[in-house]
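As written, the chain order gives the labels A, B, C, D and E, with residue 1 at the start of each chain.
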Amino acid sequence: MIVQQALNALQLGSIYALIALGYSMVYGVLRLINFAHGDIFMIGSYAALFLAVYLNMPIALILPLAFCAVGLLGVTIERLAYRPLRTAPRASAVITALGVGLFLETITLAVVGPEPKKFPALIDLNIITIGAFTATNIQIIIIAVSIALMTALDRLIAKTKTGMAMRALSWDKTYAPLFGINVDKIISFTFAIGAGLAAVAGIFVGLAYPIIDPYMGIIVGWKAFVSAVIGGIGNVKGAVVGGFLLGAVEILSAAFLPSTYKDMIVFGLLLIILLFRPSGLFGVPVQKKV
Amino acid sequence: MGLLLVAGFAAAFVCDTFNLADQYLAQIIMYIGINVILTVSLNLVNGYMGEFSVGHAAFMAVGAYAASFFSVSVFPQNPAFFPLSLFAGGICAAFLGFMIAVPAFRARDDYLAIITLALIMITKSVLENLPWFGGPQGYHGIQKYTNLSGVYLCTIASIMVIRNIVYSNFGRGIIAVRDDEVAANLVSVDTKQVKILAFVISSFFAGIAGGLFAHLIQFINPRTFSILKSTDILLMLYLGGSGTIIGSILGAAIWTVLIEALRFLGIWRFVFAPVALVMLMIYRPLGIMGGREWRLFIPKENDHGRKK
Amino acid sequence: KDSNVISIGVNAELTGSIPVAGKSCVNAAKMAAAEINDQGGIAVDGKTMRVEILAEDNEDKAESAAAVAQKFVSKGVVAMIGPNASRNAVPAAIVAESNKLIMISPWSTIPKLTEKKKYIYRSCFTDDFQGVVVSSFIYKKLKARRAAVLFDITSEYNKGIAEVFKAEFIKAGGAVTAFESYSTGDKDFSAQLSKIKASRADVLFLPNYYNEVPLQIQQARQQGLKGMIVGSDSWGSEEILTLGKDIMNGLYFTTHYAPDMATEKAKKFIADYEAKYGAKPDDVAALTYDAFGMLFESVKKAKSRNPENVLAELSKLSNFPGVTGTMKFSSGSGSPVKSAVVIQIRDNAFKYYDTVNP
Amino acid sequence: MLVIENLHAGYGPIAVLHGVSLHVDEGEIVTLIGANGAGKSTTLRTISRLIPAASGTILYKNENITRCKAHEIARRGIAHVPEGRGIFGNLTVIENLLLATFANRTRSMTSPVINELFDMFPLLGDRRRQLASTLSGGEQQILAIARAFAADADFFIMDEPSMGLSPILVKNVFSIIADINRRGKTILLVEQNAIMALKYSNRAYVLENGRIAAEGRSEDITANEELKKAYLG
Amino acid sequence: MIMDEKNSTKLLFRVNGLSHSFGGLKAVSNFNLSVDSGAIWGILGPNGAGKTTVFNLITGVYKPDEGEIIFKNEYIDGLPSPAIIAQGIARTFQNIRLFKSMSVLDNVRTAAYGNLSYPLWSAVFRTRQYHNWENRVRGSSSAILEKFGLADRMHEQAASLPYGQQRKIELARALLSKPELLLLDEPGAGMNPAELHNLAELILWVRKEFGVTIILIEHRMQLVVKLCDYVKVLDFGETIFDGMTSGLGQSEAVVKAYFGEDQADARH
């Protein structure tokens, strides 16, 4: 039972983590809570649906294509909506993000209609049963690919100059160009990766929970944001750990405690974590010297 | 000025007593009033203190449920007791604000956003599980005690109180926390006290707004007070421009009227409205008022004809 | 105000969490109006008048639903159809009642909606009734003694019917072995389902919306849950077949009508609707159509647009042959007495199985 | 090497520079002095394009760079030690240095290069893994200077490099400046410690209210009684 | 009660055995200081010696690992910052920290928070008590600004003023709470010799006018020589010199750690 639940938690956690990464990366660089991110994830799901149903593509093509297309969408959103606000107060940008999110939801609603859509089975389902324990090949693929992507990203940010530049920008953008950093390029890159990962998460949600609708990004988006914060927003490792932790808490609290209180328990735990670690699990408290 | 206020109240009172106003118009005006209270009070925390709280829906919910509980089950069913119920609702909300101010001392910035988000989820979950208030089926049997004059009085009161606080020593403390919390501490501003104060006052008025809302709609359920309610209030606040009272008022009024007036567009108004909002933010990042306060809301003793 | 039309307000959830219901409602409303207008309209006050639909979005928000109702009062509509979700219907009903506006909700099943109200009607049965129906179906027909429930706790409909069912099933002598919940928007139910599996229930009752049910069933089967699964009228959209495909086959749910057993009137409605909108009507569409049918019938009988006259006829309506069954109002209640049907899903289609009378 | 003609610049509506013209020849150390708020930092910021020029031209190695983007200017070999340091507090000392090599694609940060920097500034060597935000004021200043050297630029703009440094480090910094100058680097220096700066520089400009008020060889400026009274105390 | 050990002059402030470390780094160790009323003390030392940390410990930004801080015969170590400030200690910052969105006047007035003597409802209802207090604070704030020559820019945004004037605002703000002990962290940074001269005059005037005792951290010897009666030199958290300013040049340790061998050159 516990092993079974752990696997379920891992699957849900991978998805939260992938989306949380986008939140965290964008936050890390721009100090912007990109509330549109959950909706970008939703667009990712629809993009994959489109590629699969209308263009009949296999999953191996859909993943990279959706990654790129949605990455481009992320870059465009940044270009049009956030870049003009880079020097504006932070709250204006957050509100803009809320606006962009609302726009993405309703435009999808208006264009493809409110009816939920069946996400095609891109991978033939195999159920692997070992005793009382069952796993599906989809679960395993989701978990494996997510972990691979996250590890790659973590390397990128910790070890490469681009990664270092991303972190530098989160501290200060005015002086960064003095060291040859092309701020716009780094920010676009960040958005591309963040949105691309959200698209991957969108596809995975389609595979694991194959019904999608225009509002699917809201709740998952908020939860991913919560994951990012639990881990320490702006921190890649933190986002991953936060995602898995949230997945685990949700599943385990529903599994072993009255499920009616699930939300109360999950968010209560979040409060407690933040009470004891106000900057999240991996967040370094911002220390400015006095 | 004082005369104007009295005249406004008289007008509202007459409309109520003789049922003069068109009911629909009255309803919208009352929504605007309630939204102004919500926005102005959120402004204290998000605008003047510079935090980013998204918890207003929770404070509103507590105010709404508590005030309803008092008016339905505690006090006699009589409009005369309504102010008491309303006040009780405000107090309950303020208490919750006090509770949340404590973790807010520790977390800053966007962590506060998360804490308040959690607060909404928890409040909603509690309301869904509490048997006395009907759970998700909602709280029924609330009387219609909210009327134009009540909303008018509460709106004016919240604006005046918040204006008077902002332009006082407490207000300077609140703004100092926004500008530089560490430095504020080191020039004797008790930042803990300031935060409690801002949160308690802000949530008190959110609670009042909740009570008014409940006794206007006469039915409340947990879903009404979801995160979407908070985002609405946030949109109104930053649309008008945070950090000014006139901005909050304008933001609340414009958003309420716009959504109502464009109702015939159906889905499409939620396609156009966000685009308009984003454009506004780009061209006026500080909102419609652009951070400028209306002279009326600056007390005489603080008005220096603000050189640009 | 145009003095030569009968205007009817539609208070619908076009945005917010149930836009599908809102859209179906408006679609059916437009169709009903078009039909009557094609026949030349309705004779009232000595003239034949056309019907005009004023549809407004209530955003699935209580306060907007109330505002829309208030707006309709100001515009002087003859009656208001909608809102659909109880959370919106209740506040709108309060406005309607105090302004003497006739309101018929197609879809709000919460019993409280029409209690102690003179002007508030609905065209669907209530949670109370349906809860009994499901319970007796499971107990008597399926002969199951151990039932489990998984429901959306944040939604008033789901929770309402789940609780009625639980009480009824226990009263009948069965055991509710697991009573699990989730929140709207959740996609992973594995934890709750494995608890249900561990509780060794014979039957799982899922009183949830059709866009979530296939996910729940799919995950239940993946968890190795083999027993029967039963649903309620919220399954009643053929979308559920597209979304769920094979896994739906063999399952039962209770609802308002069965397309294959339908009357001529219903068949015509289904065909017309499909021709017009390219999709089979769901239960909201059918119930909205019936709400309009009842309203038109009452206006015709009253030969008047005056709400009081219309109301007098509406309250007397008996044996109204609706698409969703025959309805009558009795003892001053705005909730119709009507039968429910049990549908089984076979060969990817809704098949009539049984009728349950109140 | 650098020629500025009739430069106007400011912050939004506030005009600060009203036609500044100056030039720095290859291999020179030139000092810019002036009272608080005269516009010294603004001049430097305009050169490295942290703020745009309203009008006027800036030529670097005979190319017009007035409209170049800030990161392009850095990549052309102009290193700017900004006033207020501009270090990245969330990066460690060593990461701050590594990052600066962004400006110079040909230069990969190999350990000899880092070690050379740490030899130059032993204070930093002990703190290489410390977060820069927790350095003391003077340590941060040293880091800002060291960072400018990391990119191996040809032209250095330094805005008050000695600010907040102890006397021993002030001397140290100046001798390092003299040292890299001997290695062929050109330097434009803004200093409040004017006596010291003039001692090390070839020529100097005096900036007053956004205009060049005087210029000349450093010895002449030092000798000028009027200037001495106003700026040298 | 701590007895006044010394003789005629009044002991205002004493620090005993103060230590603090960050992780493994001992930033301050066993720091002692006794300051008499009216004196000006200088704290010198190489960069990173722990000077600012001492100020942060005194004002409650960090809690000391060890040691006691006694101000006017009361222990203040461990108190929260606002309480310490309210006791009569005020400070400025190494990097200017003004309230950017506020006017100059409001910046200064904010420092009156600790002496607040009207309750919230008094502000809400604008009672006489409120007006009296606010008038008094406004009066004293404008008076200070007047003396600093900032009266005409009182209503401008503080952040838009040039650096030198911002330093003055910080000083004015520090003085508003009527401190007895004033801690200045590198007030002379970024000033040219002429401006340093003026600053020295200003500080001396402040001491006379407000009767404050001053401890300042400074690297600019010109200022130290002109102002300080006594100095203390830190190196790696340890005290390496403690005495009259005039004795500085004689200490070999100081010359070696702080000035560098060529001492004459550095003492400009």
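The definition used in the following text is that a residue touches a chain if its C-beta (ideal position, glycine included) is under 8 Å from a C-beta of that chain, and two chains touch if they have at least 3 such contacts.
Quick caveat: nothing in here was measured; it's all calculated off a predicted structure.
Listed by label, the chains that touch chain B and also chain D are A, E. Note on connectivity: the fewest chain-to-chain touch steps from chain D to chain E number 1. On a Cα centroid basis, the chain most remote from chain E in this structure is C.
The mean-CA centres of chain B and chain E are about 42 angstrom from one another, to the nearest whole unit.
Taking the mean of the C-alpha atoms as each chain's centre, chain A and chain B sit 31 Å apart. Chain C and chain D have CA centres that are 75 Å apart. Each chain gets one centre point, the mean of its Cα atoms, and the points for chain A and chain C are 36 Å apart.
Chain C has residues 15, 19, 153 in contact with two or more other chains. The multi-chain contact residues of chain D, meaning those touching 2 or more other chains, are 134-137. Residues of chain E in contact with at least two other chains: 52, 61, 93. Chain B contributes residues 160-161, 164-165, 168-170, 172-173, 175-176, 178-180, 182-192, 197, 299, 301, 304, 306-307 to its touches with chain E in the complex. Within the complex formed with chain A, the chain D residues making contact are 48-50, 69-71, 73-75, 79-80, 82, 86, 88-91, 95, 98-104, 131, 133-137, 147, 151.
Every residue of chain E that touches chain B in the complex is listed here, in rising order: 59, 61, 80-82, 85-86, 90-91, 93, 97-103, 106, 109-116, 118, 120, 123-126, 130-131, 133-134, 137-138, 155-156, 173-174, 177.
Chain contact summary for the complex, chain D toward chain E: residues 14, 33, 35-37, 83-84, 123, 134-139, 141-142, 160, 163-172, 192-196, 229-233.
Chain A meets chain D in the complex at residues 161, 164-165, 167-168, 170-172, 174-183, 284, 286-289.
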